[in-house]
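Each chain gets a letter, A, B, C and D, in the order it is written, and its residues are counted from 1.
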Amino acid sequence: MRGFFYPRTATGSSSLIPSPPWHYSGDLLTVEYRTDPARVAELLPAPLELADSDPGAVALIWADWQSCSTDRAELLDPVRSQYKEAFVVVRCKFQQQTFSRCVFIWVDKDFAVARGVHQGYPKKLGSMWQTRPHPFAHAAPQIGPGGLFGATLAAGDRRLAEAVLTLREESPTNGFVNGHPMAHHRVYPGIDSGDDAFAELISSGASEFAGGQAWRGDVDLKLFESPTEELARLEVHEVIGGYYRQVGVVWNGGATLARLA
Amino acid sequence: MRGFFYPRTATGSSSLIPSPPWHYSGDLLTVEYRTDPARVAELLPAPLELADSDPGAVALIWADWQSCSTDRAELLDPVRSQYKEAFVVVRCKFQQQTFSRCVFIWVDKDFAVARGVHQGYPKKLGSMWQTRPHPFAHAAPQIGPGGLFGATLAAGDRRLAEAVLTLREESPTNGFVNGHPMAHHRVYPGIDSGDDAFAELISSGASEFAGGQAWRGDVDLKLFESPTEELARLEVHEVIGGYYRQVGVVWNGGATLARLA
Amino acid sequence: MRGFFYPRTATGSSSLIPSPPWHYSGDLLTVEYRTDPARVAELLPAPLELADSDPGAVALIWADWQSCSTDRAELLDPVRSQYKEAFVVVRCKFQQQTFSRCVFIWVDKDFAVARGVHQGYPKKLGSMWQTRPHPFAHAAPQIGPGGLFGATLAAGDRRLAEAVLTLREESPTNGFVNGHPMAHHRVYPGIDSGDDAFAELISSGASEFAGGQAWRGDVDLKLFESPTEELARLEVHEVIGGYYRQVGVVWNGGATLARLA
Amino acid sequence: MRGFFYPRTATGSSSLIPSPPWHYSGDLLTVEYRTDPARVAELLPAPLELADSDPGAVALIWADWQSCSTDRAELLDPVRSQYKEAFVVVRCKFQQQTFSRCVFIWVDKDFAVARGVHQGYPKKLGSMWQTRPHPFAHAAPQIGPGGLFGATLAAGDRRLAEAVLTLREESPTNGFVNGHPMAHHRVYPGIDSGDDAFAELISSGASEFAGGQAWRGDVDLKLFESPTEELARLEVHEVIGGYYRQVGVVWNGGATLARLA
């Protein structure tokens, strides 16, 4: 039986996702802000703790991706290659090291959901939109001073977040909250009880990364309530900044930090 | 941290799926046929074997569901309650017992994908449509002699299957292929290598079941090729029959048959 | 060149919609309420006037349809047959006769949009969901006392309306606001200026109608703001009632009431 | 009553589309080929005739757009701004002048459908995907020699077309078939009969245009049958070439060439 993920078959060609490495080209629109650190702590299961510095910092990141496996076959059938996402990252501490951690994430393709199951990103389906830059300004901003970008997130037919970013100047980074290795839980609930059949804390990050010039600017951010989402519980106390950056990334697995069940 | 599935939070209200039991009301359109048993065997990883009798029997089932948790909250926000699916079931043998096994399945909501991860159904996203019966025949068949139902399945912007079912007579069953307890693999690929971090063979089935009168009839079935799917590899050698039945079901967990990794 | 609608070709088989008559089977969930009659008047272009009696009455109707042309071909490829909609109806007066008028409507298929262009329903795309009754109550209400139905409407990734209906008793009608012939404008803006190239006021209605027992009950209705929609401007001052009814309908054209441009 | 398109209201803010001018930034992937001119002639209603030169030339064009009205508000809520389309263009002759004419087109947003109704583009909904270039090549081609782009079109859950384009060299144009003013029919079927209530032949084109360097290359094109589409009837007899170009466009109305009904 072959296939990295289900369904496994004799050929392996049905697998919802291929074996890593996975390759990505995309645009990141990042909004960083501070919330009540107690709300962040609520999202950090043991053995994770709040980060030592700026423990209430949150990044809400929209990404517009094209992705593929090493043979790049998906790029020629781009329904299998393009997807959008929005995700919420906080920081945490494990064994005195600082990690980033994705606490909420929405994507719009099934292969992206499956990657999330593997990587420990808690992916749901959503509807994400972010303004695209384009060489011709007729209906597009430029990545430069005054560049105006909007971003929205909805799930379950409810709008969850919207942001407007006005670029001001070049920036050495596109934020700091998502800048550490990721510490994620990978959990499989037991088939016969309330206990997890499998649970581990893993770490992973990009195995290759290339980034264009980052830009920062002013940002307006709104979060909305939903009965099935808790993004708005991470209330915006203070906006840190907004960022835009184009990147190329390779992801190629991670490492187990702690086996939990 | 609370929540049956990810993302787990202090309240548990963000969990993509609630704890079982899960409740379902829906309509099943089933097509059963025989293919080359060798093609079925390809989809049975050890320790499963081909069923002793009629080992090439396949059921392709369309289902139009409304589902909810015990508090029925999803029913009042039906974007969270209604979904459609199409799935392929074969039979197999484990320790001399006959089981049903879902080898391919497509659904159209994220909560259904997550249930599949839990139950061992290898769910992808797809676009499924099946004709609905209705009390008024202006644009609907009746569940009775001559009732004409169509069903289609697409994924990745390609049509994968289509069927037309003409009901002829009452039937004691809506098929036999999906009539056993399910034997499914639950597998979590390792974060750091090609080996599975967790794998088990589980069994599960309905904890409650109620069914209306089943009907059977003539059926025309077509399967189509796709570079990412292997449904068409289960070639139609002989149609067994087509069935229609309305059902109510409760699913409430299963049991581990064998720990594999 | 053949084809009722575009694109017209030698065969006519590409036409987005076939010639009427069009046949429908479906379920209607209706909420009727009173708003400020001045807000209704805003939506009545000359030569229409406010209805004489209960001029602020509004019906917000969700419909879950299966539809087809006379040869019923769409029923066997139900992606072309099933659609959902939500629409807002008010009443008006033209030449001393009372008409119903759809002022806002959202659907989820292109053929439904095209029918609306023809019939004068101002259709946009939206996401509509309404609870379905089912013979098995595991995850479904029954059409009867205590039957609990939810309905939601979203467009542009924003929720616009949601309702919860609890059925109480049989009712002689499923409301009165949508009970008259429809008076709709059919307008084609000029290609070269701000003036309409074509405009007429037409009347149409069902050429055949069959309805099951109507039920009425208590209803909770919420409307939400959107920058591109004005449904919420029809504020809910007083709920009249909620209704549920299954119907079969044929639509087969209408008549011009007045040529306007 | 205000609003360029339906629904018209007191404020005009509900109109599905604003008044022109409409502004576009986007990427065009064009495939040109020759088919039997008789098949083109079938799509040219009187008073149009086949073009004098190369009358069987066809352009199948994928476009990935961001668009907005003059106040650019849609750019900050990009669900209202971004859309994709694929369309088929042939050439024709009217009063000795050569025109381009869109004979089939699919889009994925309702505002794009409404623009088509206005402009005479026969728009249906579809699912279109085209590979995007990106500064980082991890999962993206570059617009340059060897750049490899895929494009697909589906509607009604069936794939209708797919193309693979390999860029080879700079080109003075991105094709010639779509290079003339458009000659389109705008038709409103009568509400009471089979006759059109309104019909005219109009001409329109870009009021402003800016284009980047065009590239041409080798292309592989496949068309597929569908019971509701006739794209495959325009059989590929000879591929002319494939092209890629980024453009900025303004559309601001057109002119009536002939009133037909």
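We adopt the following convention: a residue touches a chain if its C-beta (ideal position, glycine included) is under 8 Å from a C-beta of that chain, and two chains touch if they have at least 3 such contacts.
Protein identities per chain, from UniProt: A, B, C, D = Acetoacetate decarboxylase family protein.
Everything numeric here is computed off the predicted structure, so don't read it as measured data.
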{"item": "Distance-maximising chain from chain A - centres being C-alpha averages", "value": "C"}
{"item": "Result of counting contacting C-beta pairs for A-D and B-D, higher pair", "value": "A-D"}
{"item": "Centre-of-Cα separation between chain D and chain C, whole angstrom", "value": "31"}
{"item": "Rounded Å distance, chain B centre to chain D centre (Cα mean)", "value": "40"}
{"item": "Computed distance of Cα centres, chain D from chain A, in Å", "value": "35"}
{"item": "In chain C, residues with contacts to at least two other chains", "value": "77, 79, 127, 129, 152, 157"}
{"item": "Chain D to chain C touching residues, read off their complex", "value": "1, 4-11, 13-14, 16, 19, 42-43, 45, 73, 77, 79-80, 103-104, 109-110, 113, 117-120, 122, 124-125, 156-157, 185-189, 191-194, 197-198, 200, 202, 204, 227-230, 253-256"}
{"item": "Chain D - residues contacting chain A, complex", "value": "23-26, 65-68, 72, 75-79, 81-82, 127, 129-132, 134-141, 148-152, 162, 164, 208, 210, 212, 246-250"}
{"item": "Parts of chain A lying in touch with chain C, wherever the complex brings them together", "value": "127, 129, 152, 154, 157-159"}
